[in-house]
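Attaching a single structure in structure tokens format; questions to follow.
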Amino acid sequence: MSLDRRDPEGAIAGAAKAYSNWGRWGEDDVLGTLNFLDEAKRREGMALGRRGVSFSLSQRFDMNGPQKGWRRRTNPIHTMLMTGTDAALGNQGSPHGIGGADDLITMPLQCSTQWDGLGHVFDHGKAWNGRDAQKVVTADGDLVTGIEHMAAHVAGRGVLLDVGRVIGVGGGTSRSSGAGSRGELPDGFAITEEHLTATAEAHGVIVGRGDIVLVRTGQLARVRREGWGEYAGGDAPGLSFTTAGWLHASEIAAIATDTWGFEVRPNEFEGAFQPLHQVVIPNMGLLVGEMWDLDALAADCADDGVYEFWLTAAPLPITGAVGSPVNPIAVK
Amino acid sequence: MSLDRRDPEGAIAGAAKAYSNWGRWGEDDVLGTLNFLDEAKRREGMALGRRGVSFSLSQRFDMNGPQKGWRRRTNPIHTMLMTGTDAALGNQGSPHGIGGADDLITMPLQCSTQWDGLGHVFDHGKAWNGRDAQKVVTADGDLVTGIEHMAAHVAGRGVLLDVGRVIGVGGGTSRSSGAGSRGELPDGFAITEEHLTATAEAHGVIVGRGDIVLVRTGQLARVRREGWGEYAGGDAPGLSFTTAGWLHASEIAAIATDTWGFEVRPNEFEGAFQPLHQVVIPNMGLLVGEMWDLDALAADCADDGVYEFWLTAAPLPITGAVGSPVNPIAVK
Amino acid sequence: MSLDRRDPEGAIAGAAKAYSNWGRWGEDDVLGTLNFLDEAKRREGMALGRRGVSFSLSQRFDMNGPQKGWRRRTNPIHTMLMTGTDAALGNQGSPHGIGGADDLITMPLQCSTQWDGLGHVFDHGKAWNGRDAQKVVTADGDLVTGIEHMAAHVAGRGVLLDVGRVIGVGGGTSRSSGAGSRGELPDGFAITEEHLTATAEAHGVIVGRGDIVLVRTGQLARVRREGWGEYAGGDAPGLSFTTAGWLHASEIAAIATDTWGFEVRPNEFEGAFQPLHQVVIPNMGLLVGEMWDLDALAADCADDGVYEFWLTAAPLPITGAVGSPVNPIAVK
Amino acid sequence: MSLDRRDPEGAIAGAAKAYSNWGRWGEDDVLGTLNFLDEAKRREGMALGRRGVSFSLSQRFDMNGPQKGWRRRTNPIHTMLMTGTDAALGNQGSPHGIGGADDLITMPLQCSTQWDGLGHVFDHGKAWNGRDAQKVVTADGDLVTGIEHMAAHVAGRGVLLDVGRVIGVGGGTSRSSGAGSRGELPDGFAITEEHLTATAEAHGVIVGRGDIVLVRTGQLARVRREGWGEYAGGDAPGLSFTTAGWLHASEIAAIATDTWGFEVRPNEFEGAFQPLHQVVIPNMGLLVGEMWDLDALAADCADDGVYEFWLTAAPLPITGAVGSPVNPIAVK
């Protein structure tokens, strides 16, 4: 798929139509491409936990996170309802020496490592499966495709495509000096189908139907070193709009990246905002993860040369949510 | 272990001392009994995903949940930052027909299916591993044993002990008529070591070092049928104080139940409050889960007679949290 | 105005048209009847603070308030960010012995004593002054008539109409025994124009243009004695739909009651929901206050026979809010 | 009072002792210097509302406010529970054409215009009136001096001291060029007793017992022009530590400024943190307001030469709060 930059509306509409999965799993579907992740796929994935080592792919949910208020996205506010200090000083009035602590959180569901639910993005007023956005996601939440429906499904074969490491190395593509030498793509770098397939080939791994694909750009490693900057909402490496066809044809169940927005920023069309989201969420029904921390897993994969694993990334079943924080666990 | 009801302070102190794991994993330990869950155990667990069928063991995070404000625990408040309605009506000003929805949550970390972190309970001002509670959990959160440290660890072999089904059947122990016949223990029913071992035997399953043990009482099934009532904070079936020895000797990594408080309520000592928590969390370092939904998994286990499975129950790495919501996934 | 119960739609439409103030203060108006409260009125009000005694007319903002989750309205959740306990134990690391405490609140803006903003209610998709509701109050808040615009205005002459005391006394109208004898109207009691004018006459007070009128039903006194019950969202005494004409003709600036919903509940039309709101907020532009605590002020007025006073009830200027908590202060 | 910069501990202890009001209003006092604001004072204040013009002295409570997370202080998060968009599209299912909007806020109580409660600051583990901080402000809030106790009291005579205008004009004291010429004091400018009395004299106003004194530095005007920068928590003009004696001797009821922290920042002792707070809140029992917007009022006072007015600044009675947002209303 080539990119015609002169006609964003047309390009988006074309891709939306070409790669639509509307109706593919019936009128009532609330799972989208998660339908590809079946029991056979899970059995295949379960065979990959050979060493028994586990990795958390979640960033922390932390007051000092990257959010700065864009789209009213703030960092989590974590407060204590009861403390050890009060327990130690006898302020809790509990019997026999017991004391307790409790806590509370307020957070946008997109503040840190997260899944985008199927109700997170619309295309010309249409939500996943061709439904009217205005009847699906109201102020009462997502009344149809709330992320609670995915609660039991997101566990299967995971594949890491460390594009930062494979493409970024020695990269003359790097904007900031030395970025490439650390296995990082520069901001604004558009990952194409060619990059994805070359990376898979370099890793000796095959991406297939029902897989959960993790694409590492290295941006998180960079901001971890240099400071958050505009990590949440700013420029970033990410998938090119032109990968829509590959995302569709590969029949993967889900994809996640170490960036805030999955696709390349700035977007490839002038004046556009997340056109690949517009194609893959409402039209393709693809589950998209963002702000994942793939660095420790990637280091291990580089060590042992094994880029496939068992992955569990279950969203919290928050009724009517259009996204969910998640702590994905990879086991090799 | 027998129960001397005349001396709660003495009984608690005795159990705390007898079953303490302080220092067992070094001065700096932040994992407690999760240390039992090693890579060998994970390999053993990974072999259990034979059919590839997955179960979510999480209740929903829902405004209409069981919380009524006890200990300032409320149900989650989920609000939308952007809606499909606004997207459809063109209120979002986004280019090329894209629209979006975002959301926010405010919730006590103990409001629904959850893990108790090691900083959740203290014994006479002492937190896990003998630390001073007042230096561990302040208004800034758990500065030492925050649940973020467990992020990568909680994935291993799970075992279901469906005590409700094995002990509750035909039960003259039932207070409300017919409860026993549905595989449910009545409120106030104290599950003893004998019940646990009899259940394991009936299931043909062995509980061992590093396991994550799930104890089903059937209370959640009952309140789902009859209404929440006092599910959050009220009377409940649960583990007897006398199981402390078994919990210690078995060297399990974690335990979870389908009740709000894990142990039997009312507690077995007059005027006591959660004495088993007081022993197992700060002294034993045991990871305790509450309000899990074990019903669908239990039905499947009853069907195929297999009560062991691969279990991933990763807490959200909320910095300094003393608990975490979780969507545990069992795969058989 | 008589009440035709057979045609709620017609009655509402008729009143909406008859008592509309659309355009009265120009196309751009964001104040509604607050326009009646001018400087002359304020000078008149300032003369009423003769004794210098002040009354707070606010209920507390308290976790143990009346809300039960109806319309996702919960009680406030107040948590501490820093505590005196930590300060005393030296956990704050501050120099020279200083310590501090900070706190946080999460609350629906309608949870306790409050003003309804002009964007709180719509009539057939129309907001105040004839604007399209869908362009005024989106998920981004009230973009036009947000309560911040009223910040400086709500200070003027207050008049108490203690209908509970005047009409409720000895009342055969009372449902619960003895309610009338305490100066309380029973739930479901519809206060008519006749009740309002009889009460003003009994008090020897005249209601005029630009006044802020406080109507006491006594319901709050009753629930304070008997328990919250369904105070927030349930049955209540309150203004009859038929008072719409009086509310319009009197040219008052604002009105507030000691009930959750200002108008009588159940409403006077079968199947209706707050029809008087539907007339007075979007069509008349009237500022409506709810859940005010008028009891201490009313006792004082009964004592000295003076039912007029200086009243300041400034909403918090929360950008885009459709309501605001308020602590109204009456000075006599 | 002169300033000995070599001995901060000693200077603070000396001032704390010299200007203590502990016990002055009895053992059980919860009002501090608000005790000075009596009915006679209110009568005096009520006489000042001559023109009937009112001013809101509150900044907005806005997502785009100055907070950046220091001390976990964030800007308010305002979300909608119901919207006009949903009402217009018929998503609410309400009868007869009525629609509604509701909203929710999460905010630190110190995020914008606010009062510091008496439980906000401690001195060597002591709270107001000599109480133990650890027994007064726990994780359950301020159990003794919660701001709800002040609900009815904060209405009286207000006096504006526009130090920015009087002292800042033509000021060689200004760090940033031209600041003085706009009636603004530069950051780090310490306002002394001499500045206060010179300002009062220039205004022709007398500060007396029971007054609520508003000190304008002009910093808010500057940040409004130049961007928030470090307005919340950074350097600022403000009261010198040496004004403690004047604050005590004048017997004012309360004081407020247009800065985040009332006293000069950086503080006048090396390594100190808010030493004047440490003296005036826990020892003197003084009510302190911060982040007030005094600019419109100050412009009017400069116009008509009248610097006294009726002021109502009632905190929300949030149970157990150590601070409260407030919309203060001045009437001249």
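Think of it as A, B, C and D in the order they're written, each chain with its own count starting at 1.
By definition in this document, a contact is a pair of C-beta atoms (placed from the backbone, for glycine too) under 8 Å apart; a residue touches a chain by one contact, two chains touch by 3 or more.
A quick map from chain label to UniProt name: A, B, C, D = Cyclase family protein.
In this text, all values refer to a predicted model and were calculated from it rather than measured experimentally.
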Task: Selected pair, greater C-beta contact count between A-D and A-C - done: A-D
TODO: Could you work out which pair in B-C, A-B or B-D copies the interface of C-D, where over half of the contact pairs coincide by residue number?
DONE: A-B
Task: Separation of chain A from chain D, taking each centre as the mean of its C-alpha atoms, in whole Å - done: 45
- [ ] Calculate how many whole Å lie between the centre of chain A and the centre of chain C, each centre taken as the average of the chain's C-alpha atoms.
- [x] 46
Open item on the list: Show the residues in chain A shared as contacts by 2 or more other chains, in ascending order.
Closed with: 63, 72, 77, 79-83, 85-86, 88-89, 91, 104, 106, 134-135, 138-140
Task: chain A residues touching chain C - in the complex, by the definition given at the top - done: 77, 79-81, 83, 85-86, 88-89, 91, 104, 106, 139
Task: Footprint of chain A on chain B - complex, ascending - done: 8-9, 12, 38-43, 45-46, 49-56, 58-63, 71-73, 76, 78-85, 87-89, 94-110, 119-125, 127, 132-142, 148, 151-155, 269, 271-275, 277-278, 310, 312, 314-323, 325-329, 331
